[in-house]
Amino acid sequence: MEYIYASLLLHSAKKDITEDSLKNILVAAGISADDARVKAVVAALKEVNIDEVLKNAAAAPVAAVATAA
Amino acid sequence: MEYIYASLLLHSAKKDITEDSLKNILVAAGISADDARVKAVVAALKEVNIDEVLKNAAAAPVAAVATAA
Amino acid sequence: MEYIYASLLLHSAKKDITEDSLKNILVAAGISADDARVKAVVAALKEVNIDEVLKNAAAAPVAAVATAA
Amino acid sequence: MEYIYASLLLHSAKKDITEDSLKNILVAAGISADDARVKAVVAALKEVNIDEVLKNAAAAPVAAVATAA
Amino acid sequence: MEYIYASLLLHSAKKDITEDSLKNILVAAGISADDARVKAVVAALKEVNIDEVLKNAAAAPVAAVATAA
Amino acid sequence: MEYIYASLLLHSAKKDITEDSLKNILVAAGISADDARVKAVVAALKEVNIDEVLKNAAAAPVAAVATAA
Amino acid sequence: MSLVTQQRKIPDWKIEEVKELEAIIKKSKSVIIASLQGFPADKLHEIRKNLRDIAELRVSKNSLFSIAAKNSGINTELLSKYLTGTNAFIFTNRNPFEISIMLSKFKLKRYAIPGDKADEEVVIPAGDTGIAAGPMLSVFGKLKIKTKVQDGKIHVINDTTIAKPGEEIPADAVPILQKLGIMPVYVKLSFKAAYDEGLLIEGSQLEINLDSYRTQVIEAYRNIMALATEIAYPVPEVLKISIEKAMRNAMSLSTEIGYLTPDNAQFVISSAQAKALALASAIGDKVDLGIQVQV
């Protein structure tokens, strides 16, 4: 999950999620960044609206309740 | 949430969460790390069993469901 | 909500919520305290078991469900 | 949590959350304010949109209640 | 479940779910597509608001994880 | 989610999940497959016992079905 | 017969009353003025009993209270508009809101009169009513209460509800309820105003809704927890929530982009599977998918 945490860190700090920025963080954390994986994550994240996803993540437990009720 | 994402990144990579390691990541992410905050977060995290919390986080919605049912 | 925040601040610091203590905080915050409201809040919160209410509100989604169920 | 209550008291009264304003309230509440913590909280709050956070906090529990009821 | 996975793959990529597109995927996966079943699935999905169904299902995996943990 | 649905489709049809088989499906679905992502998914799935995961996900269907019903 | 002076025209009891009022006003921080309009006088003693040791309730003439208040240094101009009709005066050293809350928790009941709405469910209990069988039997019949006659008295067969809270109580039932000692209507003092050490508080302000305070306390708590979580306020109990939230966010995001690692595979694949099953069950009754979706 390191790549995702790094991406969320950048998103949270309102920084662009690029291959470089992601790699920088991973390296700073002492993790050897896998180029292909970095590329894949950056490409995949371009296709989603992260804010939207996080908003839904916050709602998830509530939804869980709703389905059970 | 940047401090938490950075902490979980370290945790996920099985690295120690220290003032230095946390600051390194924040700086790499282009965030100006506040020394007092870094210190405080690291100190507070020492009292938290992160693995336990992550396990419980996964379980939380179930509790929610149980109460609602 | 200012009166409630000020009251909970006192509660959180384990101080008595009195007309004087409440007014002191509001004034320090630059708010002109309304005497009648101060009195109303102090009287009402005496009847409300804040610890009990907070305990129920504690684990956000779970508590929300529990109170609603 | 006194520092957060004090901050929301200021926010709720549409006052700036500064080190001074925060310290004033804490002192008025009879709490000895820790300078480093005051600094850290003020710095941290500068980075978030408080209104946004409160809106999201309010939305979730209400939804939970509504669906569970 | 192959027909469902194929349909979700198309939906997720924001492509129309037609008899041809569904059959193409199944064939590419090395599955011999049953014409009648393809027809029936496409017709049935036309009557369903897929986004709505998926949104409501979103909560479930959390519970699944929890039970596994 | 396309890569996951394509993988589950292959798994469900008892076909090997390889870079080629995954790419074939994505192309058939009209999606331009990203090599790095395909590689990453296939590599990750090698470490995962999908049958086991799906078995543990068995708790999910109940909730999922309940909402859909 | 001696000359009758202006002074002596004032009856002694009035002078005495003003003196007493002055004494009470001087030793009390605040006074609440409550209307006695339509308030059953026989219920006042229950309120007095309830307020014992906390406040003193007196029914006085407005004019006498006004004189006593003025003599005690109260700005009676503030109060004059409330000093009409029949009033009770509640003197206390407590916060007047406390008195109001206390009285609101104390339910006073009275007998119904025709036209009243029930404040609580009105039930005619089964058993002997003690009412002689006679013309009253037809009243029970009209109220659809099943009865039998035993030893010349009307017996009710089953507990029978004749009005739910908020419903009008049938006028025919009023004498029966009185006979049975059932008081289904609440009475409360209506506060006009409070005067608290120079501060005037309107009667409507005195009505405190404790539930709304509870709600506000919860809201305030939620808000501070949300904010503390967002800024990762460094205390362990907040950081736990922050971590949970970060973890959920990471799980959701990796699911959304189909990013798989051994530590999120369970979550991501389960999520895809749950969606597939939800969709399968949504169309399962129309299509034979060749699979069994467990319900």
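Labels A, B, C, D, E, F and G are assigned to the chains in the order they are written; within every chain, residues are numbered from 1.
The definition used in the following text is that a contact is a pair of C-beta atoms (placed from the backbone, for glycine too) under 8 Å apart; a residue touches a chain by one contact, two chains touch by 3 or more.
These numbers were taken from a predicted model, which means no experiment stands behind them.
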Weigh F-G against B-D on C-beta contact pairs and write down the one with more.
-> F-G
Please flag the chain sitting at the greatest distance from subunit A, going by CA centroids.
-> G
Subunit E-subunit F contact: same residues or different, taking over half shared as same?
-> same
Just how far, in Å, is the C-alpha centre of subunit C from the one of subunit A?
-> 38
Averaged over CA atoms, how far is the centre of subunit E from the centre of subunit G? Could you give it in whole Å?
-> 54
In whole angstrom, the CA-centroid distance of subunit D from subunit G equals 32
What is the distance in Å between the mean C-alpha positions of subunit B and subunit G?
-> 46
Residues in subunit B with touches to at least two other chains are numbered 1-2, 5, 8, 12, 37, 40, 58, 60-62, 64-65, 68
Residue numbers in subunit G touching 2 or more other chains?
-> 219-220, 222-225, 230, 232, 234-235, 238, 245-246, 248-251, 255-259, 261, 263, 266, 270, 272-279, 282
Complex interface listing, subunit C residues touching subunit G = 1, 4-5, 8, 19, 35-36, 39-48, 50, 53-54, 56-57, 60
Contact residues on subunit G for subunit B in the complex?
-> 230, 232, 234-236, 238-240, 242-250, 263
Hey, which residues of subunit B end up touching subunit D in the complex?
-> 34, 36-37, 39-40, 68
Which part of subunit G faces subunit A closely enough to touch in the complex?
-> 245-246, 248-254, 256-259, 261, 263-264
Spell out the residues on subunit F that touch subunit E in their complex, using ranges where they run on.
-> 1-2, 5-6, 8-10, 12-13, 15, 21, 24-25, 27-31, 56-61, 63-64, 67-68
